[in-house]
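Listed next: structures, encoded as structure tokens.
Note that chain A is present in both complexes that follow, paired respectively with chain B and with chain C.
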Partner chain A sequence: MYRFRAEGPMEQFEIIPIFSLPTGSNLLAFTNSALWMVIGTGAIIVFFFAATRRAALIPGRLQSMAEVFYEFVSDLVRDTIGPEGRKFFPYVFTLFIWILVSNMFGLLPSLPGMPHALHTFTPTSHLIVTFALAMLTITIVIVYGLYKNGLGFFKLFAPSGLPLWLMPLLILIEVISFLSRPLSLAIRLFANMFAGHVILKLFATFVVSLLSAGGAVMLFGIAPFFGVIAVTALEFLVTALQAYVFAVLTCIYLNDAVHAADH
Partner chain B sequence: MSVFALVTNAAAAAEEAQAHAAEASSAGLPQLDPTWWPSQLFWLAITFGILYWLMSTRFLPAIAGAIEERRDRIADDLDQAGDFKRQAEDAESAYNQSLADAKAKAQAIAADTRAEMDDEIAALQAETDAQLAKQVAAAETRIGEMKAAAATKVGEAAAETARAVVETLIDEAPTEEAASRAVADAAARPEG
Partner chain C sequence: MRGEDDPEAPKPSGAAWGRAMRASSDLLAGIFVGSLLGLGLDRLLGSEPWFLLAGIGLGFAAGLRNLSRSL
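Now for the complex of A and B:
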């Protein structure tokens, strides 16, 4: 009988270096995380290259899909930021598609017998990655907000039309809420990916343990098996939803930067 | 193997898995180990940067171009369809106009003809009436003459008869003049 091997739920998040850069240092080594970033980005590039290679009046299947993505994000940017949001559209689009693909590729099954370094990996399940993306958004918000509005950007923290005695309290709350934005952005995405994969792994571990027990006990593996299927379906929803949420919040924050002085 | 043994076996396997987990977590969450943060940031920057560059310079403009072109084309086609529709409407109104003209003309002709015929009929009728009136008048005149002649003749006959009767009765014939006077008187006397 085939002996199934069960791993702990955290091993899937381990970073495993594949090769070092010629600098000799391991600091910027190419890891499994980097591999899946490259696979995801490469897939996006191949897809969009194929979709836009022969941009036709009557779109083919790929072009239709690309246009659906385009219109979706374009509508999102226009509805949230308005016409001034046009210049942020490539950023929001790249963000959305990159997060979507890296979330979703993490749900691909690993090929059995592969070395650990080549197992499926979700780059967005690492806080540092989501935090970097969140900081990128917040940096754009602050830099563009200051460039566009000058000191008027700080009106963001002082909503107009409030009694003066409320101001100190409100400014404090607004500043804290602004500072917590990158954290909430980063942690929301990271935690969703992390928790989803842990749950998947736990269910899968039950299945493997019960199946490897053999005999009648294997029957108890049926429930967690369908649990894995259900959670996988749910995770597909979560991957898309979290990419969307990240894009929407980015748009909302960019809208603050664009319209800070109008407050 | 008894069921009990199977269950303990499974429990052992689960324990082993938990031990694995504990081993992994004893080293801390892999996410919180800063060893690989620079590498992750580095490769994130490279992949995200390349993707952003390709998106903003190639892919998105291409898609935007295709969508724009289609929108223009559709707008053009709609314009053209609008033109065609307008032309069709013009043609229809021209047709309706000529139809109305023809109808009006036909009605005018009919009315003219009717009026002409009415005039002709009236003229004919008037002519006929006049002729008939003339004939009636002539006939009446003749009847009047004949009546007068007849009345004279009756008077003469009466006077003749009266003279003959008187002559027979008294053997003396009154003069013609007296007889006719007497007849005239008798005729003038109201009857009864």
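Now for the complex of A and C:
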């Protein structure tokens, strides 16, 4: 007999170690979050291998899907960064697909009767994961910006056409604004995933508790039931949208790095 | 300017939601980073609370700068 109800809407975010890595301490463990990252990455690899295995001039179903993804990100990179952005395409594509799949897999229903550690889990619903991705982007922006523009990269912080007496204040503001970018990226993705999943589970809990109350009260369970369906549909939109937004902003920041000196 | 030539998001309702989320997180992140920098400087120099106050103000300005760029 398995439990139908979770302990609460926050239970889904619990990190559960599956096995400890052999380092002597149990601080480093393979967790359910890591498991779902591996599953997501594996699914992406399998999908693209299957899609490009027999590449044909007239694409089949799988190949068309892969090409849609490819062209979508490719257009995005070209429109935002320009022709120099070509070399960032692999990074942006990987980021987009990985976030999309990580977000989506959190919406899969868990198989009933599974141990808690194997329940579906959204890696991107933890701030540290999204923050790591954002820091990766910003690190690339800074390193590539310095490599490409040299010290001209710092022109990014000095908007042109300003009176001199405003410069110190505005440079300070621009620096803080630049430093807040990774945080803003990370918070956005994390908050969307987190809030959406909490709402989903809250609605679902209403349905279960109202139905188990019995009698006429059960009728009140109908509204939250349709609510869950609506929120699930919205969540699918939000997962795709947030992956897209992350990719767009990555492109905008990379564009700053590429064109910092022309400001 | 940067950010203003974003291609539109795929669906109108989703685009509005995305813009709202973006605006709020941009503002929040600016204030957060500004305050954190101020707090750190205060700890380092033992001058509580002056850098924190300046940091909150500058952070708010930076948040608005982020906003004006992303909207």
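We adopt the following convention: the second predicted complex is superposed on the first by the 257 of 263 C-alpha atoms of A that agree within 3 Å, B and C clash if a C-alpha of one lies under 4 Å from a C-alpha of the other, contacts with A are read in each partner's own complex, and residues count from 1 in each chain.
The definition used in the following text is that a residue touches a chain if its C-beta (ideal position, glycine included) is under 8 Å from a C-beta of that chain, and two chains touch if they have at least 3 such contacts.
This structure is a prediction, so every number in the text was calculated from the model and none was measured.
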So, after the overlay on chain A, do chain B and chain C clash or fit? They fit
Who does A:Val217 touch here: chain B (first), chain C (second), both, or neither? first
(Q) A:Thr31 in the overlay: touching chain B, chain C, both, or neither? Say first, second, both or neither. (A) first
In the superposed arrangement, does A:Gly150 touch chain B (first), chain C (second), both or neither?
neither
Answer with first, second, both or neither: which of chain B and chain C does A:Gly82 touch in the superposed model? neither
Rounded to the nearest 10 degrees, the Cα-centre angle chain B-chain A-chain C in the superposed arrangement comes to 100
- Based on the superposed arrangement, let me know which partner A:Phe48 touches: chain B (first), chain C (second), both, or neither? first
- Once the shared chain is lined up, is A:Val245 touching chain B (first), chain C (second), both, or neither of them? second
The chain contacting more residues of chain A, comparing chain B with chain C, is B
| said: After the superposition on A, what does A:Ala191 contact: first (chain B), second (chain C), both or neither? | reply: second
With the two structures laid over each other on chain A, which partner does A:Arg181 touch: chain B (first), chain C (second), both, or neither? second
After superposing the two complexes, the shortest C-alpha distance between chain B and chain C, in Å, is 16
So, in the complex, the side of chain A touching chain B is made of residues 6-11, 13-15, 17, 26-31, 33-34, 37-38, 40-41, 44-45, 48-49, 51-52, 55-57, 59, 63, 66-67, 70-71, 89-91, 93-94, 97-98, 123, 125-129, 132-133, 190, 194, 205-206, 208-210, 212-217, 220
As the complex stands, chain C meets chain A at residues 2-3, 5-7, 9-11, 14, 17-18, 21-22, 25-26, 28-30, 32-34, 37, 58-59, 61-63, 65-66, 69
The residues of chain B that touch chain A in their complex are 1, 3, 6-7, 9-10, 13-14, 16-18, 20-25, 29-33, 35-45, 47-48, 50-52, 54-56, 58-60, 62-67, 69-70, 73
The answer for chain A against chain C in the complex is residues 76, 79-80, 172-174, 176-177, 179-181, 183-184, 187-188, 191-192, 237-238, 240-242, 244-245, 248, 252, 255-256
